[in-house]
Each structure stands twice: as C-alpha cells, then as structure tokens.
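By letter and in written order, the chains are A, B, C and D; residue numbering begins at 1 in each of them.
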Amino acid sequence: MKKIAIAYHSGYGHTARQAEAVQQGAAAVAGVEARLYDVTQLNDAAWAELDAADAIIFGAPTYMGSASARFKEFMDASSKRWFARTWQDKLAAGFTTSASQSGDKLNTLMQLMILACQHGMIWVGLDLLPGNNSSQGSVDDLNRLGSSAGAMAQANADQGADAMLASDLKTAARLGERVAEQLLRLRP
Amino acid sequence: MKKIAIAYHSGYGHTARQAEAVQQGAAAVAGVEARLYDVTQLNDAAWAELDAADAIIFGAPTYMGSASARFKEFMDASSKRWFARTWQDKLAAGFTTSASQSGDKLNTLMQLMILACQHGMIWVGLDLLPGNNSSQGSVDDLNRLGSSAGAMAQANADQGADAMLASDLKTAARLGERVAEQLLRLRP
Amino acid sequence: MKKIAIAYHSGYGHTARQAEAVQQGAAAVAGVEARLYDVTQLNDAAWAELDAADAIIFGAPTYMGSASARFKEFMDASSKRWFARTWQDKLAAGFTTSASQSGDKLNTLMQLMILACQHGMIWVGLDLLPGNNSSQGSVDDLNRLGSSAGAMAQANADQGADAMLASDLKTAARLGERVAEQLLRLRP
Amino acid sequence: MKKIAIAYHSGYGHTARQAEAVQQGAAAVAGVEARLYDVTQLNDAAWAELDAADAIIFGAPTYMGSASARFKEFMDASSKRWFARTWQDKLAAGFTTSASQSGDKLNTLMQLMILACQHGMIWVGLDLLPGNNSSQGSVDDLNRLGSSAGAMAQANADQGADAMLASDLKTAARLGERVAEQLLRLRP
C-alpha cells in the first residue's frame, strides 16, 4: 500500500476543501491510501507519518503573494528533515487557493517546488491542458485557471468555501489522482 | 517632456494590441510622450531612442511559461547596455498576454522584473486591487486577473486580437498611465 | 526629511547585522533618516511609523527557500495596509541572508518584490555589477554574489554574525544608500 | 535500456562542458544511455529521439537573468509536443551556467521547471546538501553554490570553459547520475 500525506493549512476553509478533493482523488486509486494533515496541528506521531509517506502533497492559501505564515512555520520546521534527508526521493506536489483569478498563486506554487527540491523530493505537476481558454470554454472546465505546476483554486473573497467551483475541486482531485498514479509507476 | 518607450514583441497581434493600450494610457498624461517599439524591428536609431527614454515598458507574450524567444533575443541584445549601465535608474514596467486565465504569466512578469533589476532600473507594478474576485465581480472588471507585478491579458486561443476584452486593455492603459504619473514624481 | 524604515527579521543575528548595514548606508545620505524595525516587535506606534515612511526596505533570512515564517507573519499582517492602499507609491527594496553562496536566496527576493507590487510600491534593486566573477575577483568584491534584485549576504552555517564578510555588509550599505538617493529624486 | 536526452545550448562552451559532465554522470549508470543534443542543431531525427527518451535534461546559460534566446527558441518550438502531450510523464531536470556566483541562475532553473510542468514532466532536482557554506568549506565542495532545483555552475567572465571548476562539473555529473537512478526506480 502506497501512502500519500496531504499537508495543508487553511485560513477560512477554502484550502481545506481543496485538500479534501486532493485526498479523495488520491484515495480513489487502488493500492494507495491518502490522509490529510493540518500543519497547525502536527504532533510527533503525525510528523512520523509524514516521514513514512511515499509522497507529500503541500497545500496553502496564497496570502500577500506567497504561502500563509502558518504554512511557512511548517516549512521552516521541516528543516531537521532537510538536514537528515528524511524526505529525499519522495514524490511531492502542491496546490493553492486565493481570491484572484490569477493573482500571485504561481509564486506560491514555485515556493512549494523549491521546498520540495531542497528536500530532494521529486515534483509532480498537473497534467491537464488549460481550460477556459477558448471561445467555447467556461469556468466549469477542468484546470480553468490554466496552471501547470500544481492545482490552483479561486474563491470569491465574499463567499465561503461552500461556494467553491466544482471545476476547481475536480482539478484538485486530478492532482491527487495523478500523484497516486505516479507512485504506482515506481518499483515496490 | 518625459519619454516612455514601450518595447514589445507580438506573435499574433494580441500583445501588440495590449502594447497600444499601454501607449495610449501613457500618452494621455500631460507632459509625457510614449512610443511603441517592435523589438524585432530595432535599428540603431531605435536603440538610441530606448537609451534616451525616461522609462521603458517591456511586453511579451507568454510562450511555454516565459517571454517569447523573439523578446528574449531583445533581452540578450540589451547586455551591452547592461554592462555600460545605460538604462540605469530609468523606470521599468511589464505586461504579458496568454490564452490561459492564470497560466504561467506571472513567471514572465518576474522574468521582466529580473531584467529590469539587472539594468538597475526601478520597477513600477500595477496599483489596482484585483477585480472579478467577489460574487459581484465580472470579467469586465479592471485587473480582472488580479495581477500586481504588471498588466496581464487573457485572449482565447481560437480568437484574434479583435476579441480581446476591454477590461484587459483598460488595465494595460492604466499601467501606461501609472508609469507616466511616476515619471512626473521625479525632479526635472 | 525623507524617512526610510527597514523592516526585518533575524533568527541568529546575521540578518540583523545586514539590516544595520542597510540602515547606516541610508542614514549617511543627507536629507534622509533611516530606522530599524524588528518585525517580531511591532506595536501600533511602529506600524504607524512604517505607514509614515517614504520607503520600506524588507529583510529576512532565507529558510527552506523563502522568507522566514516570522517575517511572513509580518507580510500577512500587512494585508490591512494592502486593502487600504496605505503603502502605495512608497519605494521598496529587499535583502536576505543564508548559509549557501547562491542557494535559493533569489526566491526570497522575488517573494519580497511580489509583496511590494501587491502594495503598489516601487521596487529599487541593486545597481552594482556582479563582483567575484573574473579571474581577478575575490570574495572581498562588492556584490560578490552577483545579485540584482536586492542585497544578498552569505554567512557560514557554523559561524556567528561577527564572521560576516565586509563585502556583504558594504553591499547592504549600498542598497540603503541607493534607496535614499532614489528618494531624493522625487519631488518634495 | 533507459534513455536520457540532454538538450542544451551553449554560447561560449561553458554550458556545453557542463552538459558533457551531466551526460557522463548519467551514462555511468548501468542500464542507462545518455546522449547530448545541441538545441540549435535539431533535425527531425533528433526531435524524434527526444520524443523517445525516458528523460530530458535541459541546460542553458543564464543571460540577462533567464535562459538564452537560442534555448528559448527550442522551448517555444516544443509547443507542438506540449499540445500533443508527447513528453508527458517523462522525467526532467535542468542546469545552468553564468559568471556570477549566485546571480539570477535560480530564475533560469525555475523557468526550466515551469517548462517541464507545462509538458506534464516530473521534475528531479539535485539531492546534494549545500557545499562551501561553513568555515571548513571551499570552492572545491560538491554543490558549492548551494542549489537545489538543478545544477549550477559559475565560470569567470574572462576565462574559457577549460577553467571551469571540477566541483561544478562533478555537481553536474551527480545530476545526470541522479536522473538515471530515478529512471531505474520506475517499472519497466
């Protein structure tokens, strides 16, 4: 059984919902189990589970152009693992939410990619062509925001997580599914 | 009279139209003149005009996640100016177009920011809060893509430049106007 | 009198020393005063002083490839100013320290540039050609790390801030001086 | 037999030498063959070999803060493969050279990461802790520049490729070897 850990922070519930979609997409793949970890609630047992995972998918809201401070605390706390190379060769991926359509979400995904590279992890991006980029497109398209490095979601600033678009959640689910598929490409 | 040069490349006419909007926004400010330069057509006289400008605004389509090769040729050709510090202390700004809503346009803007910093130029971003990020928002909002580092435009892959949204062109015009305003803050 | 605020976080004293060099470089320019603000110690009066400054220079150590979590808390806390456009049109600049020669310090500077752009601030990078990049070069050269977006310092992981290189501190001082000079270009 | 293609551009021979080191590191792994491709010389047969490779390692000099225009031409020309998803799920990695110690090389590596993500490729960074970052360190250390996203080399602006440091070439070789090792983790 391959194990995927989804390590996320959510300020107002949007990124948590995106994380759940990632988890469901990953867990739907036979031979893979996926579990959610709120990085503000990690005890020693949870850290040990991250260390034992075959892949870690990072998720954070984009605040002021990069990952939230609470998520950055987790990143900084991972420095012991970095030095010990504990996470080396695991697969990694990332997702982020903000209120803007584009905004600076790519900067957050790049920050997560750099984190993964520092740990010696292998980065898995999305494999979806951009949606909503033609005259026939709509906000209901998969990957409607046209991201490649990871999954993006856009949520209106005046609405709760329940108003998130199904397309963004399906895109997140595909990211989870994709990481699971890539794990199954690896020898036992 | 303060002079703004808009140095751009356009593959299919979209970035050219965005460049024209930037130019019109800049030229509408009293005391400022703004001129367009297609970087694939620069002769020595045009390079001399860039050197004499008070600000240079860079524009390129986002191809495969960064500025087009034709624009990169211009960037590389600017290395003599870099070494001689010819463009130092000029104002700089940037804009880009792609078919995706978000896509990797931010990476292009960051590439242009790095270019400007290498030249010792001073970077002026947009000053517009994100549009189309609430339940009342629409694609007609100024800065509908929520960019901060420069002006972004999104144009459907199956449509020509004539189908570009007015909101994206107004956002580009505001960037030009803003650079002009910042020039007027400087002592003569 | 133009006012420059240097808003920094330092984990082990290196970035604090770099911040002091920035402050001294800025304060040496006639007509400019420069003050240091540890972002972990900001009270309402300090925030008001940031709001009243003509320029804010941001500084943070690079931890796991981006600005420290403590600095990110400050960035996130600045979101009220972002929404109210309190810092718009101020000048901005940035600096960072890490143990690596190159490492991922550029990612931290880009993160600070994005922060500044979100606030509508105007970014001032370094104006120094790269040092230590020829057979005659040495670690004593100004801008020995070859940064353009801001000032970088490298400090050995097993040494305290007292072992920082004079060249890195002079580079930081030049950044402060440069921001001061750019402020003086502005009309009163 | 797993196949690795190293697709590079070199302006003055430095990146070519770095590419050779990557190739040698990869080819030394049993079960893997590695071949060099100068992207300015690609005919249809060469493109077909890239399409048939299990991994593509991208290499370009950093000019004005990002990959050279000649390399960008190759990136732009890969857009047909992007649309057809020809390179999807291949492994990818990257390397770059410039005269600066740090400079803006990270921006080039990020540009290559974004390219890989657009193609749906899986990114393999370096797995070396930073060298030359302690009082015992030296420029002879592996990964002396402290990169994580890929291999960096620094070459003095006034010296030819023959003066490149052995440490930078060994670091490049390790990147090639690492990509080969990661290929062998995959099921046949």
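Here is the rule we go by: a residue touches a chain if its C-beta (ideal position, glycine included) is under 8 Å from a C-beta of that chain, and two chains touch if they have at least 3 such contacts.
Small disclaimer: the values here were computed from a predicted structure and weren't measured.
When the contact pairs of A-B are matched by residue number against A-D, C-D or A-C, over half are shared only with C-D. Of the two chain pairs examined here, C-D and B-D, it is C-D that is joined by more C-beta pairs in contact.
Chain B and chain C have CA centres that are 26 Å apart.
Per-chain Cα centroids separate chain B from chain D by 31 Å. Within chain B, residues 65, 104, 107, 110, 114, 117-118, 148-149 each touch two or more of the remaining chains. Here chain B touches chain C in the complex through residues 83, 85, 88-89, 110, 113-114, 116-118, 120-127, 129, 148-149, 182, 185-187, going by the rule given at the top.
Chain C makes touch with chain D in their complex at residues 65, 98-107, 110, 130, 132-137, 144-149, 152, 154, 156-159, 163.
Listed in rising order, the residues of chain A touching chain C in the complex are 63-69, 72-73, 75-76, 78-79, 82, 104, 107, 110-111, 114-115, 117-118.
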